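Heads up, the thing below is written out as structure tokens.
Just so it is clear, A, B, C, D, E and F label the chains in written order, and each chain counts residues from 1 on its own.
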Amino acid sequence: MTPTDDPMMEPRYQELATFMRAPFRPDLDGVDIALYGVPYDGGVTNRAGARHGPREIRNQSSMCRTINHASGINPFELCNVADVGDVRFSEVFDNAACNDSIEAFVRRILEAGAVPLAAGGDHSVTYPVFRAMASPAEPIGMVHIDAHCDTWGPFRGSKFHHGSPFRLAVEDGLLDPHRTIQIGIRGAQNWADGWEFSQRSGMRVMFIEEFDELGVEGVIAEARRIVGDGPTYVSFDVDGLDPVYAPGTGTPEVGGITTREALSLLRGLRGLNLIGGDVVEVAPPFDPSGNTALVGATLMYEILCLLAEARTA
Amino acid sequence: MTPTDDPMMEPRYQELATFMRAPFRPDLDGVDIALYGVPYDGGVTNRAGARHGPREIRNQSSMCRTINHASGINPFELCNVADVGDVRFSEVFDNAACNDSIEAFVRRILEAGAVPLAAGGDHSVTYPVFRAMASPAEPIGMVHIDAHCDTWGPFRGSKFHHGSPFRLAVEDGLLDPHRTIQIGIRGAQNWADGWEFSQRSGMRVMFIEEFDELGVEGVIAEARRIVGDGPTYVSFDVDGLDPVYAPGTGTPEVGGITTREALSLLRGLRGLNLIGGDVVEVAPPFDPSGNTALVGATLMYEILCLLAEARTA
Amino acid sequence: MTPTDDPMMEPRYQELATFMRAPFRPDLDGVDIALYGVPYDGGVTNRAGARHGPREIRNQSSMCRTINHASGINPFELCNVADVGDVRFSEVFDNAACNDSIEAFVRRILEAGAVPLAAGGDHSVTYPVFRAMASPAEPIGMVHIDAHCDTWGPFRGSKFHHGSPFRLAVEDGLLDPHRTIQIGIRGAQNWADGWEFSQRSGMRVMFIEEFDELGVEGVIAEARRIVGDGPTYVSFDVDGLDPVYAPGTGTPEVGGITTREALSLLRGLRGLNLIGGDVVEVAPPFDPSGNTALVGATLMYEILCLLAEARTA
Amino acid sequence: MTPTDDPMMEPRYQELATFMRAPFRPDLDGVDIALYGVPYDGGVTNRAGARHGPREIRNQSSMCRTINHASGINPFELCNVADVGDVRFSEVFDNAACNDSIEAFVRRILEAGAVPLAAGGDHSVTYPVFRAMASPAEPIGMVHIDAHCDTWGPFRGSKFHHGSPFRLAVEDGLLDPHRTIQIGIRGAQNWADGWEFSQRSGMRVMFIEEFDELGVEGVIAEARRIVGDGPTYVSFDVDGLDPVYAPGTGTPEVGGITTREALSLLRGLRGLNLIGGDVVEVAPPFDPSGNTALVGATLMYEILCLLAEARTA
Amino acid sequence: MTPTDDPMMEPRYQELATFMRAPFRPDLDGVDIALYGVPYDGGVTNRAGARHGPREIRNQSSMCRTINHASGINPFELCNVADVGDVRFSEVFDNAACNDSIEAFVRRILEAGAVPLAAGGDHSVTYPVFRAMASPAEPIGMVHIDAHCDTWGPFRGSKFHHGSPFRLAVEDGLLDPHRTIQIGIRGAQNWADGWEFSQRSGMRVMFIEEFDELGVEGVIAEARRIVGDGPTYVSFDVDGLDPVYAPGTGTPEVGGITTREALSLLRGLRGLNLIGGDVVEVAPPFDPSGNTALVGATLMYEILCLLAEARTA
Amino acid sequence: MTPTDDPMMEPRYQELATFMRAPFRPDLDGVDIALYGVPYDGGVTNRAGARHGPREIRNQSSMCRTINHASGINPFELCNVADVGDVRFSEVFDNAACNDSIEAFVRRILEAGAVPLAAGGDHSVTYPVFRAMASPAEPIGMVHIDAHCDTWGPFRGSKFHHGSPFRLAVEDGLLDPHRTIQIGIRGAQNWADGWEFSQRSGMRVMFIEEFDELGVEGVIAEARRIVGDGPTYVSFDVDGLDPVYAPGTGTPEVGGITTREALSLLRGLRGLNLIGGDVVEVAPPFDPSGNTALVGATLMYEILCLLAEARTA
């Protein structure tokens, strides 16, 4: 532990906060894995705040380091990892236009040959990400950790909200429901609409009770069985975790996954054909302690390890 | 998800906060299950604050919805559920008089033919509830989740305090100790008095270590064995949970039950002859995040599902 | 202080929280002054959260009581004061539609013959209120306390945002700029646009430095001179206060008005022809202590006293 | 600043927290000024928590030091100052018995020849203090800073509550209303009862508006005129301050005294015949930042300077 | 529960806060087990704050009581337990000098024949404790719970920091690596240096993943196997726990041990030859709720039970 | 308010946080005014945390905008303003070495022809800044706002601490005490040492009581008289403010300057020969709300306006 010029080696409270102290490369030049922020919560139906997620995840992510203690992976050695900045929105009050901005931003990442890993933002942002990454000809699979299926219909006049992204993605042929697993689902609902859409479309819906019965190893096995070896996206909504781990979120549901389970679960996805991911619904105003964002950063780091290994496989 | 006139379908931050957005029916007219508040903490021996519990549980309970994801029960369809208001106290500094006010309030609920489900208040409130619900001729059983047995003797000149309700109830012949199970007991004590009373009187005392060994399924089996098919009350003190789930309480004890375990445990009581319940010791001043009250509201919702099913069985 | 059936006389942590413990009268029947909530923050450009304002102002307003210690006014004796509920929004993601919902709600209040007093919500809500209350034939005047003029042009594709309500109102002929005073203005800006519109249109813009020089008595005199005896609305944005008094707001500006000054200023408006008012931009997620909402409730109470006296003058 | 064995000279986060790092002398031996705690809030009518006041004031008071920057007084050089511990209560649920415990504790201090300076506790504790310190033959005067007159009648069956101490003291002939000034009074009330009792009995009631007009120098002059040179007690309820300075209190009233004014006001009492004092209503659960207790400790220090000078005059 | 003169029997918010309400005996006279504080965080590499640990642990430890619910041990009956105060530092900015102060303080405890149990302070304090307790001739073993091995090399010019104590202790021959187990290790690192030193020197390093596989009973067995019956120290860094249990710490690592596991683990060490212990890295500024310090106090109480039993074995 | 590519025009929660959204120019190329951070609190004697100041001030400074509402100055138009990064420390535990690192960093800024404006860090950082900026041949003057004179002698073995910078600077001939004014001094002390050094050396010490008497205009006049037209530095310790405005600081002193006064005071320094400045002692861990850092950022913005005008005069 001698001092160096490498920001990774400096005291963690120092300098500008980029995602995991990675270099800032908005030009995407030579970037293998693009860490980006989507400061948008225009799709929430209850408590807003996720627009502040990327900023605070950047801040807390200075706590992250390089070598994964469990797998030994050092993603920063395997790949050129960079913070490529945030999606910019020109019409912030128009959900459809914001979706377009997100899609365009991700297209640019893909065109630069980089793998996208996002810090949300509410969960509605994953739908435009999919519009950039997939097509009916080449739909993708997904490992989705969440308390909610996010496959509900329009809400009060809009189809673009944080309860609908995966219904839209299936309807557009972007997401293959048969290669999709939803893990950690729970919480009462006023309609069974979303649960039913997920199941009817062919998704594997794993409620928290089944998660409990199978244990993490069983869940991993089932996830691997479902997504197979096709291209797969990892979407982690922090409300999949119990609210004690992630109080800073818009729609907390009591009785969720622990972080220890979540980290094991993510590590169980090694070797899959992973093509991108996101951590969403970190809403800092509801957690002044910063712990939710630290959890979010840690989850991003684990997904980064997966993506780095997948890219260099 | 189209807008309606049903408050249950509206954005959750809207309008007056009633328990679970149920209609407010202080007249009890046609009510099957009466959700009520007991804003009283005159019986605490350490940190007060549970007097603010009902208000904050109402607030957070707007997050609750109707259809239970695990059991499919919709208590609002099965029964006429209402918020019937709070117990009013005329002599707020006199614990005996406050007990009388609680007893009278619950008698009125029972006379209206409704099942009572309370938001406390400190745990001393359950004793006057029992005075209204039971008699030596017809004692009741109890599933009691708590860190403390609450069967201690008088404290500094008063027998009415939050460490004594179940000793008083047994002594009065209202609670059948042989049909009582106390789950999650832990934390050092200065006297063994309460532990001993519980065991001597015939209660089944399950310390957290035994809970751990049996697992939730084992605990459920034991609880069902103890209470049998007689009339049974469910009393949930949130300090039975680990303090990370319920920091907003007066007497936190490190090393408690998780909410995931608690929800499974409650669901395991389906089919019992349940006649009422309470969630007590939510003390909002000790949890500015509101999460303790959200947990309290979620526990109330689960007990509500049980009571609704029991009533319509 | 003997107990009664009047909720105003009960312990303040008890029962449902209505605005100032006033009766809940969504039917508006016989209501003189209608306290209502506008749980909407779709117009904010930075930090959302004011959608939770009405709920938390109701909660904290239980601390309010009846007889004004300074003026002796008891608004609850002078008038029939009621909580008439919240504006309901059918299309929550469409700012224009939300404006329509607000306008319709206020029209209903006016048609019932009541005076409207709102708890916001962000400041964009005042424009649709004016659409209900005024017309080019009968424009109104305003005493406006705020850090910002809120007379800016369109923001990123929308004219409906919390920086524009009074520009829209002037452009529509609803607000008479010559009978408008803006008090407490401060904070750097990136464009002078709003400041210039206010001054060019004829509004009296009083920056905080002038406020300091004049003292509260001088400010009152100037406000009375400007609005004269025509119909006048009072709009209080809590960011007009210094952030220490109102940290729970979306756009805090350091160096603002104290609450002691604000209360004196409001009391100095007695005898004016006041026809309605609002307290806006209380964003509870940014103030877990609840003090911002307590301040908001206290400001509402003072405006209520003014409106009650004006109505019965 | 070289290290010494004097706790006053050590880092402030070190060792047990006594009031202002004074020696702990529960035996009162040789003590001139006795700093004591009254961990009791059995008299509050709304939010409890002041029972935790002495503990947290002790903690924050480690920030205090010895030489008053404004007056040059070093009370620790003038007098033997000690922390003499807390009042112990044998019947914690019985307000009359608790009053007796307080009276007995203060009598012991007086018999030891020491001057009492208390950290409350709610304001009801000052009445039993007066029972120990005064008699109808030798009533005392008071400088009382507070938002409330605390001269109200019985509340819900009890005359012992935090809104009544000075009415009881006047009725018992312990407090001379003609030598009593109440400063900073404000906040709406539901009855004028207390205001009227104060004024009718001959107290000088100074509402915050008059405070504002007179300025601190004028207030000091008036206070000195009222209490004259008879024996005088200083009672400081932190809710006399604006809630931003003292959010951790049971009954905050918006629009109060600043700490800068309060410190100047207290220093203006030099030379009076001061015989004791208290700082009450610090309720730490409502201020996790600790600032209210720091303010309380600072006020105690200023009163200590006054008492030390008075005793050695 | 009748009142007594025993502070242990008094309301817990009362009087000065000593560790677990034990008597304060800075003279060490007749003390069997010495509870002491080390208010020092000069060795942290990221977030300071542990200097405030002893004060806040004392405060929260008033919640502790005497009889262990699981083992029945009452350490206060077995031994003369006292709070012996804090290490005093004469040169607070010089890490080597501070280490000397700690060593001298512990030597004094040992010379008085007492067993030392510390509340840190950052983890660097354990190295000077070992200098007082061990020697190359008589090295000790250790059960070490932590997220980090704390066996790293010099950091930016200093070998004395909170990442190095056990490397220094091994290098000095004070700690026997073959009788050392490190439990709960996790979190990415920038160098493998510390992990490698631990393993190369012969320590048993148990990462959290292995902890998960073995279960608490398996971990206990392995710990007992490693330390055998030689003299053994217990060092508990609260960042070994998951951050939800101990957010108030300098280097939180997501995904740690639960308190329920930790308490079971500690109880599993009964019967070993335990000679001292510490609980370190409680940094109160990062947890305004006080829960981290309550957890720290509870861990100290469990270690106290072990030490009391060991001493009287 | 149409969207642009200028980060200043974007939503404020977006992208990396630099000081006031200024461009990041660690190479100093073409920079007129260099905003830099000093993440160091190795000199504090009580509560650490200011090492996190630059990070959080950057975060909150996104709330700042360009055109000063009071003076009309737009510093970003007048000068090339940049965030030039943080001082890097190679030996973080050695106060003398850290001072050298700070001095070297500021020398580099000066050599690049830029004016330095720092975000601390504790107040000890100003001494090495002066070593870079001044010499006995060319000492500088200072406007110093603070609760403490910071002219105390060595503390526990070190002369480098946050209570000594200006004594060291005077002793080295870097700071001209006759051209130095210290404003807002208050708070009890254990020695008069620092107060006496300041006065004996010729500094103008203005205690808060005199500040109150003179009023802001009087204070400005006196400050201008003292510093005259020689080169002058502005050093603002946020503990000069009352703790309600800046709770997030290491040594709060009750009864300080308001932000409204502070902003007026700073603006009163227009036209002086200002050559640099700093805002120090923002310690974010003690203010989870972020308001202290927002205040710090706002003070930096005001000083920036002064420096920009001075440079272009």
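Side notes on the structure shown:
Definition applied: a contact is a pair of C-beta atoms (placed from the backbone, for glycine too) under 8 Å apart; a residue touches a chain by one contact, two chains touch by 3 or more.
None of the values given here were measured: they were computed from a predicted structure.
Considering the contact criterion stated above, the chains in touch with chain A and with chain D alike are B, C, E, F.
Centroid to centroid, with C-alpha atoms defining each point, chain E and chain F lie 40 Å apart.
Measuring from the averaged C-alpha position of chain B to that of chain E gives a distance of 38 Å. Multi-chain contact residues, meaning those touching two or more other chains, occur in chain E at positions 3, 11, 13, 45, 47, 51-52, 89-90, 92, 155-156, 244, 286, 288-289. By the definition of touch given earlier, these chain pairs are in contact: A-B, A-C, A-E, A-F, B-C, B-D, B-E, C-D, C-F, D-E, D-F, E-F. On chain C, the positions that touch chain A within their shared complex are 41-43, 45, 47-49, 51-52, 89-95, 97, 155-158, 160-161, 285-286, 288. Remark: chain B residues 45-47, 152-156, 163, 185-193, 195, 207-209, 212, 242-244, 247, 251-252, 254-256, 286-287 touch chain E in the complex. Note for the complex: chain F touches chain C at residues 1-3, 8-9, 11-13, 63-70, 244-245, 258-260, 262-264, 289, 291, 294-295, 298, 301. The residues of chain E lying in touch with chain D in their complex are 3, 10-11, 13-18, 24, 37, 39, 51-52, 54-55, 58-59, 83, 85-86, 88-90, 92, 288-289.
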